[in-house]
Amino acid sequence: MTAAGKRIVGITVFAAIVCVVIGLYIGLYLTNVPGSAAATQTSSGTHLYLGTVPAAETTDRHPTWVSYYAVDANSANWQHVTTYVLPANTVVTVTIYNYDGASGLRNPWFGQATGTIGGTITLNGKQTKAIDPDDASHVFSIPQIGLAVPLEGVSDNAKNPCGNAPCSLSYDHTTTTFTFRTPGKGLYRWQCFVPCAAGYIAGFGGPMQTVGYMDGFIKVV
Amino acid sequence: MSAIAVSTTAPRSGWRKLIGFNMLTGILLGIVGWYVGHWIGDRITGANLAYFSAEAGENDIAIMLGYFLGVVGFLVGLGFANYPIKRLLGHPPSLAEHESEEEGVFRYFTLSTDHKVVAKQYMVGIGLFFFVAGLNAMLIRTELLQPDVHVFGANQYLTLVGMHGSMMMGTMTSGLLGPFATFLVPLMIGSRRMAFSRLSAFTFWVLMAGEVILLTTIFFGGFQTGWTGYQPLGAQGTAGYDAYICFFALVGLSMTLFGFNLIVTITTMRARGMTWSRLPIFVWGAYTTAWLMMLAAPMLIAALLMAAMDRTVQTAFYIPGQGGSAYLFQNLFWVFGHPEVYILALPGMGIVLELMPVFSRKPLWGYRLAVAGMLGIAFLSWFVWQHHLFVSGINADLRPFYMLSTELISLPTGFIFLCALGTLWRARIRLTVPMLFCLAWIFNFLWGGISGVFNSDVPSDVTTHGSFFVMAHFHYTIMGGLVFAFFAAIYYWVPKMYGYNLNERLGKIHFWTLFIAFNSTFAPLFALGFMGMPRRVVTYNPAWQGLNVWVSISAYVIGLSMLVFLFNVVWSLLIKREPAAINPWHAKSIEWTLPTPVPVQDFDRIPVFDADPYPYGVEPAPARAPTLAPAGGSA
Amino acid sequence: MEASASAPVGGHIEPEPPEWQPRAIWVGGRLLCGTISFFFLSFVFAFFYLKALDTNHSWKIGRVVPDGGFGIAIAALFLFSAVIYRLAARRPAGDSMAAGMIAVLMGLAAIILQFVEYIVLDFGASQGGYAAVFFGWTATYAIAALMGLYWIEIQVASLWRVRREGKMRETEVPTSETALLLAGVEASSFYWAFFVAIGVLAYILLYLVG
Amino acid sequence: MSEQGGTLNVEGPRHWRNVVVLWLIANVIMVPIVVFVLGPGLPPGNGSVEASGQVTDNIVLLSLATPVALGVLVYLGYVLWAFRERTPEVVVDGPPIRGNSSVQFWWLIVTTTLVLFLAGYGTVRLLADGSGGGQGPNPIARPAVPAGGSRLVVQVVAQQWQFNYRFPGYGGVETNQIELPENTLVQFNVTSLDVIHSFWAYELGVKADANPGVNNVAYVTTKGPLIFHVRCAELCGVWHGYMFNQGRVVPKAQFAAWIAQQRVKFAPATKTLPPYSKTYFPEPLRRGG
């Protein structure tokens, strides 16, 4: 082969490698986003079941990070997804099982539920408007529609605390239920307001900054 | 220069070349270093987890140590430790690495002390990461096609933004000086080499190590801070932020030493007759920039070291509740950061003013004024940094001062403009590709400068700060300024550096598509900023979608235009290989009197200068070409 | 025109002027002082800035008093090291070797002492702005000192070798080794003196003003 | 400079005059367009007294920048037309003009005058009312309460990633919505609980960085009823782009009703809030979890 021919082959191979690398970069990293789960439609309305755990599964990329899971109420099937698909302009009942301990709110204001129907939540079967900010474990909040629901933490001296996900209902947990009316179609983000990211400055790095753990989307369709 | 000519060891041949001090060894030792560092870090923190707080599953100490030893291993593998160790044992000084006396392509993958080789290494290395950063820009614009998050994750988007900004900043600070000053300053002042030629190679390889480290951020969760890396947002970042810190600290190290090397070279190694007032204007540009690099970059390194200490050994430089201050980082960062933007701009000015006379066939108009302009910019750039912080609440009573100093800096910038414009007066303008890029530089930088007035004026900056307006402004100055000068320099000097002509038709296609697409991309961003679109957002008001789509499409055209350039380079330099004439532009500066390619020793005799390099239109015309015997042409 | 002046003459390659490299070393020594002062200027700035702001009254959290004895010992070692080396650099080269050796040893002792101080110190790095500046400044200073000591050491090593071999060697620079050594000793002693002056400033600010 | 060579006007067509004439014509066309057509549309509109001030400021800057830009562009266009090499195959040098001291002198005079005027003008405008920018804890420019108006202090509490608003004059109630009374001097005390944010109320012409542990004061004098957009203008983490909301400027009675309603609505939360303070240092400061 001539020298120029060799160079052409070399360039082609190099270009092919570059294209593959770019493809991997986009495919494996950039577009690698958590999956979604749809709300359950029953005769009693639209239900969304969520669980918050002190740590994701041991096989997760970040097995020490706090995280939300979508919980299938019937089959106890836990899915590590943080995009929740809800129908537009509907009243949705959300049930969140929280297995995590309390770490206290940075801004105590979020100890009060806002944006729910009636401004109330049902905590372990009791209706209330607010919880003690120091007992807050997480906040489920969609700031764009003014929704913020504090989740009470599991007591520090709980007998049977859950470690890593999945956590069945036999572990100690608190149950928070609330209803809210979904807005019009669109993509809304949700987040947590309790500095619950262990090991990060002010508790606000890592899982608090990462979609797929303490952040995600509500996709209203 | 006997040191270069004498070779003591016979070069190895075939695959055995790969055994020894070269890039491959460097990479292997770098990987080993990373694991060793990580292991040590885990051992250290394992003993005292609570204090170092490694329970998050991301041990910053281990990662930092891994990066550090990785870089050390890489440099050792390249052979950077050999000479220092010899000196430590009392060996006498030398100027060149014997290991690097390879001929052919292989020497570009080794530690080379030949300034021409280092320049070409810089050219390819800078080019590579320029394109990587540019690719990220394309991806950013892809995400912004729609007002919602639709292609990439929200975290990945911010990492893209940060990578694009950091990599462009870190790469292009050496973008003009790396290839062109390393190649040209020793030729133009007749010194044959940089004062510290190993240091020259070191600045290149350490920069490359930094770039690779920045890329590894994607394995550690990226970083959400943009290129400014503000604290305490950085302090709460995942380990991806460690990559950012290491990257920028290495860039800072590279800049500091590069500036240091340039100043020493230009100060002490000018050949006879090369007085300060005969220095080519590009060398002045390099010289003024070098001062900024040498003095500003250490402050960046210090600021990043503090950030690293906050993350690893739990100091509280930037943690407000614990006696630190977020302002401290902003101050330190911008004390570096504003000279930094002139580090980007000044060499471009030097290149444009250097090329203008060649294609105007006239001497540089107002040489002393141009030098005064460069010195003025370099000096004033130290006193403007708080204009980045006009609405931050920091030293509000100093805002009139910073407003004044910022607007004053437009005076020396105006000198540069005047000199460029004056050179065109009654000229015989030859619209070659490099000249087109120079003229576009004037056009783009004009808009960059004028929009800068809005940012420097506090009442107006209240709206424009942190918006797309600012983004458009600095892209007009940096991309419209630096990148256009970069291409002007490439089209102008590549024939001398590589010995082959670049295709002119493809060059013109590249220029026109880039020029039009560039303006079509960034001019609408002024409007978007004026409408209230903040920077670095992944979502925006749906009303702005039309303009954003327009911008994205224009950005893709920039990308295509860059592909044309890439094709031109590959076609002309690797495939077609049409040998370049010794002086294709009929220029009168010294590098064009040398054979192509330039021989190892540059000149057989140290030149003696008796005039500045712009003797255009002098009667009788000086004898040009054939004084040049291609003496060392094959060396 | 330089065009004719630069025309290569085949065969013989003219070496560069012998005064270039020593001059480069001289200028380089001074420039390094500029670089290193801007580097530590950041810590000086951080010191005064955080002290003045005293955010959340956290300049010092709890009892944060460094051990004055360590401070004075470290500063004195550095100072003595610089003075003896700089003074020797102004005398014949033979003297520089002994002084250089002493300077390196004292510098190393100061660095070791610095790290010993961290072990016995009764406050941690997270106890406020002062603690941050204290640890940050002294640690980076101690590590940066190694660079200066290395520079001195290579002069000492070369002088040692010259004494052992009884002659200067041919260098690959077109300058005699004598000239290069003189320049090296002069520049490294200037730089080291300047560097130690920053250390003394650190002592004053951190131990006396703090 | 010791310039050899001729002056600008030695021979040939009167290029210099041509350039000046073209420049004047361009100015006559462009400056009125810029001032009267573009000018009123400049941001951030007339939502507040300070915003109107910024519009004026932008018009002044633009009308001064126009002749400068036109000067460069006309010159550039002219020289490319007049001095372009018509026979590129032959290399011919131009005249060796190395400078012109009077041009340099006048350039320096004109640019210096412009720059000093701009800096002076900007300073005067800034010191008059602060232009809606954040001025730190000790503001130097304090606009007067408008005639027949009142004043209101609103604390902006930025946190990752939501703006909350606290009204110290109304029992320290904190809300996630903002409404402001019209014709009122509003003092925003902007602070942050975690990282640096920036409170940008676009239509009001207000921008003030929210720094943790710092009280950054910005003033705005509202005019009539208006809807304004609040956005975060400093990168603050993953939801930076989503940190926005809408506010309203409403008649005073409506504001009174709104704030009374908020006090009732957020009574449970208000009880748990720390006492109103210009800065907050909430625990945990360091590592959460």
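The chains carry the letters A, B, C and D, assigned in the order they are written, with residues numbered from 1 in each.
Everything that follows uses one rule, which is that a residue touches a chain if its C-beta (ideal position, glycine included) is under 8 Å from a C-beta of that chain, and two chains touch if they have at least 3 such contacts.
Since the structure is predicted, the reported quantities are computational estimates derived from the model, not experimental observations.
Student: Quick one: which chains contact subunit A and subunit C both?
Tutor: Shared contacts of subunit A and subunit C: B, D.
Student: Once you count every C-beta pair in contact for both, which comes out on top, B-C or C-D?
Tutor: B-C
Student: Would you kindly say which chain has the C-alpha centre located farthest from the C-alpha centre of subunit B?
Tutor: A
Student: Report, in whole Å, the distance between the mean C-alpha point of subunit B and the mean C-alpha point of subunit C.
Tutor: Averaging C-alpha atoms per chain gives centres 29 Å apart.
Student: Centroid of subunit C to centroid of subunit D, CA atoms only: how many Å?
Tutor: Computed from C-alpha means, the inter-chain centre distance equals 46 Å.
Student: Per the centroid of Cα atoms for each chain, what is the distance between subunit A and subunit B, given in Å?
Tutor: Each chain's C-alpha centroid was found; their separation is 41 Å.
Student: Could you grab the centroid distance between subunit B and subunit D? Build each centroid from C-alpha atoms only and quote it in angstrom.
Tutor: Once rounded, the distance between the two centres reads 30 Å.
Student: Spell out, as numbers or ranges, the residues of subunit D touching 2 or more other chains.
Tutor: Within subunit D, the residues that touch at least two other chains are 194-195, 213, 237-239, 242, 281, 285-287, 289.
Student: Pull out every residue in subunit C that's touching 2 or more other chains.
Tutor: 55-56, 126
Student: Residues of subunit B that contact two or more other chains, please.
Tutor: Counting only residues that touch two or more other chains, subunit B contributes 53, 55, 154-155, 224, 232, 236, 310, 314, 319-322, 325, 327, 615.
Student: Which chains touch, pair by pair?
Tutor: A-B, A-D, B-C, B-D, C-D
Student: Give every residue of subunit D touching subunit B within the complex, in rising order.
Tutor: It comes out as residues 1, 8, 12, 15, 42-44, 50, 53-54, 57-58, 61, 65, 68-69, 72-73, 75-76, 79-80, 83-85, 88, 91-100, 103-104, 107-108, 111-112, 115, 118-119, 122-123, 125-127, 131-140, 190, 194-196, 198, 200, 202, 205-209, 211-218, 229, 231-242, 281, 285-287, 289.
Student: Going by the contact rule set out above, which residues of subunit C touch subunit B in the complex?
Tutor: It is residues 1-17, 20-21, 23-24, 26-28, 31-32, 34-36, 38-43, 45-46, 49-50, 53-56, 58-61, 124-126, 128-133, 135-136, 139-140, 150, 153-154, 157-158, 160-161, 168-174, 177, 180 of subunit C that touch subunit B.
Student: Using the touch definition from the top, list the residues of subunit C that touch subunit D in their complex.
Tutor: 55-56, 126
Student: Show which residues of subunit B lie in contact with subunit D when the two form their complex.
Tutor: 53, 55, 154-155, 158, 224-226, 228, 230-233, 236, 314, 319-322, 325-327, 330, 360-369, 389-397, 399-400, 403-404, 407-408, 410-411, 414-415, 417-418, 421-422, 424-431, 439, 442-443, 446-447, 450, 453-454, 456-463, 465-467, 530-532, 534-541, 586, 615-618, 621
Student: Give the list of subunit D residues in touch with subunit A in this complex.
Tutor: Touching subunit A from subunit D are residues 157, 159-162, 164, 174, 176-177, 193-195, 237-239, 242-243, 245, 265-266, 268-269, 272-274, 282-289.
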